[in-house]
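Every chain is named by a letter (A, B, C and D) in the order it is written, and numbering of its residues begins at 1.
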Amino acid sequence: MNRKEKVTAEIKFKKGKFARGEKNSITDINGVKAGHFTVNKDVQEASGEKTSIRTGLTAILPYQMDKEMRLFTGMFMLRGKNEITGYEVMDDFCYLNSPLVITNSFNVGRVYNAIISYGFSLSRVEIWPPFVISFNDSYLNDMRKSLMDEKEILNAFHNASSGKVEEGSVGAGLGLRAFGWKGGIGTSSRILYLGHKQFRCGVLVASNYGNQSSLEKPETESNSTRNGDGSLIIIVGVDIPLAPYQIKQIIRSLVSSLHSVNILNNCLDSISCILFSTANPMSMEKEGPSIYEFELTDDSLLAEIILAGTEATREAIFNSLLKATPVEGRLGRKIETIPDNEFKKLLKECGGVYGRKN
Amino acid sequence: MNRKEKVTAEIKFKKGKFARGEKNSITDINGVKAGHFTVNKDVQEASGEKTSIRTGLTAILPYQMDKEMRLFTGMFMLRGKNEITGYEVMDDFCYLNSPLVITNSFNVGRVYNAIISYGFSLSRVEIWPPFVISFNDSYLNDMRKSLMDEKEILNAFHNASSGKVEEGSVGAGLGLRAFGWKGGIGTSSRILYLGHKQFRCGVLVASNYGNQSSLEKPETESNSTRNGDGSLIIIVGVDIPLAPYQIKQIIRSLVSSLHSVNILNNCLDSISCILFSTANPMSMEKEGPSIYEFELTDDSLLAEIILAGTEATREAIFNSLLKATPVEGRLGRKIETIPDNEFKKLLKECGGVYGRKN
Amino acid sequence: MNRKEKVTAEIKFKKGKFARGEKNSITDINGVKAGHFTVNKDVQEASGEKTSIRTGLTAILPYQMDKEMRLFTGMFMLRGKNEITGYEVMDDFCYLNSPLVITNSFNVGRVYNAIISYGFSLSRVEIWPPFVISFNDSYLNDMRKSLMDEKEILNAFHNASSGKVEEGSVGAGLGLRAFGWKGGIGTSSRILYLGHKQFRCGVLVASNYGNQSSLEKPETESNSTRNGDGSLIIIVGVDIPLAPYQIKQIIRSLVSSLHSVNILNNCLDSISCILFSTANPMSMEKEGPSIYEFELTDDSLLAEIILAGTEATREAIFNSLLKATPVEGRLGRKIETIPDNEFKKLLKECGGVYGRKN
Amino acid sequence: MNRKEKVTAEIKFKKGKFARGEKNSITDINGVKAGHFTVNKDVQEASGEKTSIRTGLTAILPYQMDKEMRLFTGMFMLRGKNEITGYEVMDDFCYLNSPLVITNSFNVGRVYNAIISYGFSLSRVEIWPPFVISFNDSYLNDMRKSLMDEKEILNAFHNASSGKVEEGSVGAGLGLRAFGWKGGIGTSSRILYLGHKQFRCGVLVASNYGNQSSLEKPETESNSTRNGDGSLIIIVGVDIPLAPYQIKQIIRSLVSSLHSVNILNNCLDSISCILFSTANPMSMEKEGPSIYEFELTDDSLLAEIILAGTEATREAIFNSLLKATPVEGRLGRKIETIPDNEFKKLLKECGGVYGRKN
C-alpha cells in the first residue's frame, strides 16, 4: 500500500461520481503520450559559488505527431501571468497542432525553437504555432543557469510514451512547490458516459501555487523575479466531440470549481487551463475536404464533463503533492513532502477529495 | 428601368465576384422570412403642439418559428452603443432561437415582451432569449411618443414573408438617415461555391450612420438623447455549415472590410453585425440526441465567405440609400433621398460598389 | 439573539480577515441606495383556476440618480443564461449610469421601459442603457401572470433608501430558492485598507441556484420554461478607485473563489457578477473636461479586494438563506427555510463561512 | 525631391486633417526609440546549394528601458496568425514593460531569450514578459537558416535611437513584400489637440500582405510553411492618457478603418495592432504608491485619436512601399519596388492617401 493509498484509507475518501481510467493518467486518452526531461545538477558560477539547477520540462503529445492534423482546443486563464506561446492562434482559430510543453519561463524560447525543429524532423510541413506554457521555479532553481539544449528537449518528445505518467518531483515538476510543500506533476483520469457512449477525460497538472496563502508561513524572502507569484497549470485531454465554444465553457467552469485552487491561493497565483479534444481531428493537408463531417455533444451534457474534469483535476493536484519527493535547491533551500496530517488538514480546508457531497 | 438601374448603368458598375441570389434579398436563404411594421403618423401633444411619429420595426424570422430549434450565431460590435437583448446568451452559448427584431431604443422593452408572447402563441416551450437590436431615430421621430402595441408587433411576425424584402423608408427604416440623406432598410444576397457545393449568403441592413462625417453638413442641432450617435446594423444569414468560432472570424473581418462604413462615418458611429447559419439546426427538445452529426466548413474557405458577405453588405447599404424616399419628421425636419451625383461621389469615396478591383 | 446569531454562535464561526461595515449591507458604500418591490398575491385564471404571484424586483441605485454621471463598471458571467440588458455597452464602454434592477425574466421589458421613464422624470438628458438582470422564479411564481406596472416599478426607485437592505423573501427574492430551501436576497459588506486608506466593499446577492445539486432531492417536475436552470446574481459596490481592466480581474477571481457556488450547484446554474466603483465618477455633461484627473489602485492590491469581496459574497449568500421565510407558491409548492442542521452541513461542505483558513 | 515627394506631387495628395510630427516617425513620441538589425547574406547549404538570408528585426523601445516601469497597452488581432509572445499578460494585465520586437517566426525564441538577457544587463529586476511579434518572410528569406545570435539582437537594442526611423527594406523589412511589390518598414506620425492640449500619435508598420489579392498575380508557388499567409503589423505609440478599455476601442476601430488593408488583402492576411501610451507610466518598484494619480481622456475624444491614428497608419503603409528598394532572395526570386503608376492605382483603389474626403 503506497502512501497515497494509506492516507486516503485513513481519511476515508468518499467515492467520487466517476470511475478512474485504467492508468488514472492523461495517457488514458487514446493517442495521447507524455514525456519528461529532468535537469538536476549543481553548477559552479564564474564567481566560484555553487548554484543549483532543479528544473525540467514535461511534454504532452496530443496525437500521433507525424500526422498533418490539428485538434480543437481552448484555454482559460485566471490572472494570466504565465507566458504561453501560441495563445493568440488558439484564441482566434481554436486549434492545436503542436506538443504542449510545460517548462520554466527562461526556457520558453529554447523549447519554442525545438518544437519547430521537431516539426521539420517529422517531415511535416510544419508544426505551428509551438505551444509552450511557462512557470517560475526560481525558489529552488537557478533559472538563469538552467537553459536546456535543443537535443535534450527533442529527446523528451521522442521518448514520450502512452504509459502511466510519472508524477511528483520529475520533469517540469522538479523545482515546484505548492502550499509551502513540494509540488510537481500530477495526473488523473475519469470515465464518463454521454448518451450511453463511453468517453474519457484525462488531466495533467503542474502545481506551483498556494505558497503565500498560509499566514503561518509568510513568504519573507523575495524571489529573484517579479513574476515570482505562483501558478497552477492544468492540461485536460478528452475524446469527447466538442466545439470550441463548448471547450471554453467547460474550462471556465472547471477553473471556477476548484475551491482548493482559488481560496487557498489567496488570489495571488495564476491559473491556466487548456483543454483539447481528440475527437474530430482535422486534416491540415491541402487536399482535405471543403466540408467536414463532425460530431458534437449536446450542450445539456456539458455539466457532466465539467464534473468529471473537476474530479480528475482535484485528484491530479493531490497526486502532485503526495507523489512529490523532497528537493533541496539553490541558496540551501529545502522543500519537504507534505506530511499526512498536513495533507488531511488541506483536504478538509478545500472541501474533500472530490470537492462535493457524495 | 428604376433609379438604381439607371444610376448603376450610368456609373458603369463593375461586376463583383459573386452572382446575386434570385431575389437579391436575405430571404434567398431557404426558410428565412422578413416583415415590417411601419408607424407613420402625427400626434397632438398634451401641450397642444403637434409631433411626428416616424418609426417602425423590421423582423427577420431565421427559421420556421413554430419548431423547437436553435441556430448557431454570433455577433461583433464596433463601438457598441446599441442596446441588444439576448447578447450575453449569444456570446456564451452561441445560439439563436428568436426572431431578430430591429427597432428604436424606446421600443426594446415592448418588442422583448412581444417575442415572449409570440413563443407562447406558437405552443413552443419558449422563445428565449428574445433578440432585439435597437437604434436611435430621434432626428425624425419623436421616440417618447412612439411606443408600439404588442398586437402591432405580433402582426409583423405573422405577416413576415419569404418574398423579396421591401427596402428604403419602411419598417424600422422610416426614421433613419445616412450620410446626411435618407437611409433605411436595404438587402442583398450572393451565391457562392465551396467545394463545388452551392451556398447562399443574404444580408439585411438598417443604415443610420455617417451623418456627422461630412464637413459640409455639420450636426448643429443637438439630438434629444445622448446616444444620438448613429449606427449601422447588419444581419447576415447563410446556409453554410459554420462553427461559432468561424462565425466570429467572418463577422469581424466583414465589419473591417467595409470602407464605406468606417472611414466615412468618422469613427463616431457604432456597427453591429449578427450572422446566423441555417445549416446544422439543433433541436431544443428534451429527447434530442446526445451526440449530434454536424457539417463544418474548412477554415481555408472562410475568406470566400467574407468576400461574398462584404459584397452583399455593401450593396445592401447602397440599396438602403437608393430605395429610400424623402421623409419629413419632427420639428419640421425633412431628409431627402440622395441625388444621383451625390451617390456617385459617395461611391467614389468609398471604393466603388464592390469595394475592390474587379 | 436572532437565528443567524444563534446558528453562527453554535457553529463557532471563525472570524474572517476583514471587519464588516456599519450596516453589513451594500448601502455601506457612500451614496448607494437599495429598494424592493414585492408582488405577493393569488389571482384567478380565465379558466377559473387560482394561481400564485410570488415575485418582485430589487433595485440598486449606485449614485444620486439625478446627477448626470457614470461610474466604471464590469461584469463576468459563468454559463450566462440570464438576460441582462445594457451588457454590450458595459462590455465596450465600461460604464454604468442606470439603476441596477434584478427581476424575473418576463418583467425585463417592463423594467427596461420604466428606467427610461425614470430618467426623463429626473430631468436628466437620459439614463442609457437601462440595466436589468433577470432570473427565472417559475417554480413558485406564475411568471406569465406577474407583469408589473411602470408605476409600481418607479415607486421602488423613489422609495430606495441608504439604510440596511431588507433580506430574504422580499422584493426579487420572494420566489427564489437555493439548495432546495428558500433563497432570496442577501447582503453584506467589508472594510479594507489599501495603503493606510480605508475603503468599503458591499455585496448584494439574489440566490436562486443549487437546487439540482443534491442527489436526494431530484428535480422531478419540469419547470415551465427551459431556462429553468438556476442562477446566482452578485452585485458588488466599492468606493475603491479601479480601472475597468482591474474590475474584470477582480470579478473573475471572485466568482472563481466561491466554492459553495460552483461545486454545490453541480455546474448547471449560471452566475453573473457586476462590480461598480463609486470612486472616479465621470460627468456625462457636454461641458465636462477633456482630460480627467483620476486615482487608480496599484495592481498588487487587487488580491486584497478579491478576498474582501469573497468574504462579503459568501456571507451575503448565507444571509439570503438564513433570513428567508417559508413561501408557498403556485401548484401548491412550499419551500421551507433551511433548518439549522442542514445549514451547518452546507457550511461544512462549502468550506466554512469565509471559505478559507483563519 | 525624393520619389515619394515626386509621386505625391503628381497625384496631388490632398491634405489630411492632422499635421505630421517633426520627424514623421514613431520616434516623435517623447522617449520612444527604434532600432533595426538586418541580416543580408548568401550561405552555402550542406548539400552545396546556395541559399539566401534576407531578414532582420526591428525593435521599438517604448521608454527609457533601464527604468523599472510599465505602460498601459492593448492589442487587437484580425485573423491572428502571427505568433506574439507576451500577449496573454497584455490581455489580462494591460501593461508593457519590454521592447516590442518584430521578427520572423523562427527567431521568436531567440529574441525572447535576448530580451530576458537585456533586462538582466540593465540591472533591472526583470523585463517580463518579452514582447515579440512575428511574421513569415519565407518568400525571399530562407527562414530555417536565418537564426540570429543573442549578441546581434542585443546590439539592435543598444543602438536604438530617437531619430527618424529608417524605412523600407531594412531590419525586419528586408524580406517583406506587399501587394506583390517590395514591402517593409514604414513610419509616420500626427499631432492632435485634445482640449487645447497638444499630443502625438506615432505609427510603425511592417507590411507583408496583400500578395494574394490581385487576380493578375496569382500565388502559384507554394510557400514553405503553411502560415505563409501575409500579415500587417502595426505598432502605435501615443502620449495621450488612455485607460486600457479606451486603447482597445481605438485599435479595433483603427484596424477597421484601413480600407487598403482589409479589402485589398482579400481577407486572407492577418492584422495585428498594438498601441501603447507613454502617459501615466507606472512604477514597477515595490515601494510604489498604493493609489496612483492618473489622467484620462474623455471618451468623446476617442474618435479624434482614431482618425489621427488612421491617417498615420495609412501613410506609414504607403511609406513602407515607396521607400522599399528591390530585393533578390532565395530561389532566385526578385521583388521590385512598386512603380509610380501602380502606386497611383493602389491609392485610387484604397480610397486615397488619407482614406477620406478632405
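What we mean here is this: a residue touches a chain if its C-beta (ideal position, glycine included) is under 8 Å from a C-beta of that chain, and two chains touch if they have at least 3 such contacts.
Just so we're clear, the structure is a prediction, and the values are computed from it rather than from any experiment.
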Relative to subunit A, largest Cα-centroid distance belongs to chain B
Go ahead and note the Å separation of the Cα centroids belonging to subunit A and subunit D.
-> 35
Gap in Å, rounded to a whole number, between the CA centres of subunit D and subunit C | 45
Set of subunit A residues in contact with two or more other chains = 79, 92-93, 249
Using the contact definition from the top, classify how the chains connect: line, ring, star, complete or other.
-> complete
Residue numbers on subunit D that touch subunit A, as the complex places them | 77, 79-89, 91-93, 105-106, 108-113, 116, 120, 125-126, 128-130, 144, 147, 225-227, 284
Interface with subunit B, subunit D side, in the complex: residues 78-79, 213-215, 249, 252-253, 255-259, 262-264, 266-268, 271, 302-303, 306-307, 310, 349-351, 355-357
Hey, which residues of subunit D end up touching subunit C in the complex?
-> 92-94, 194-197, 241, 243-245, 249, 282, 288-299, 301
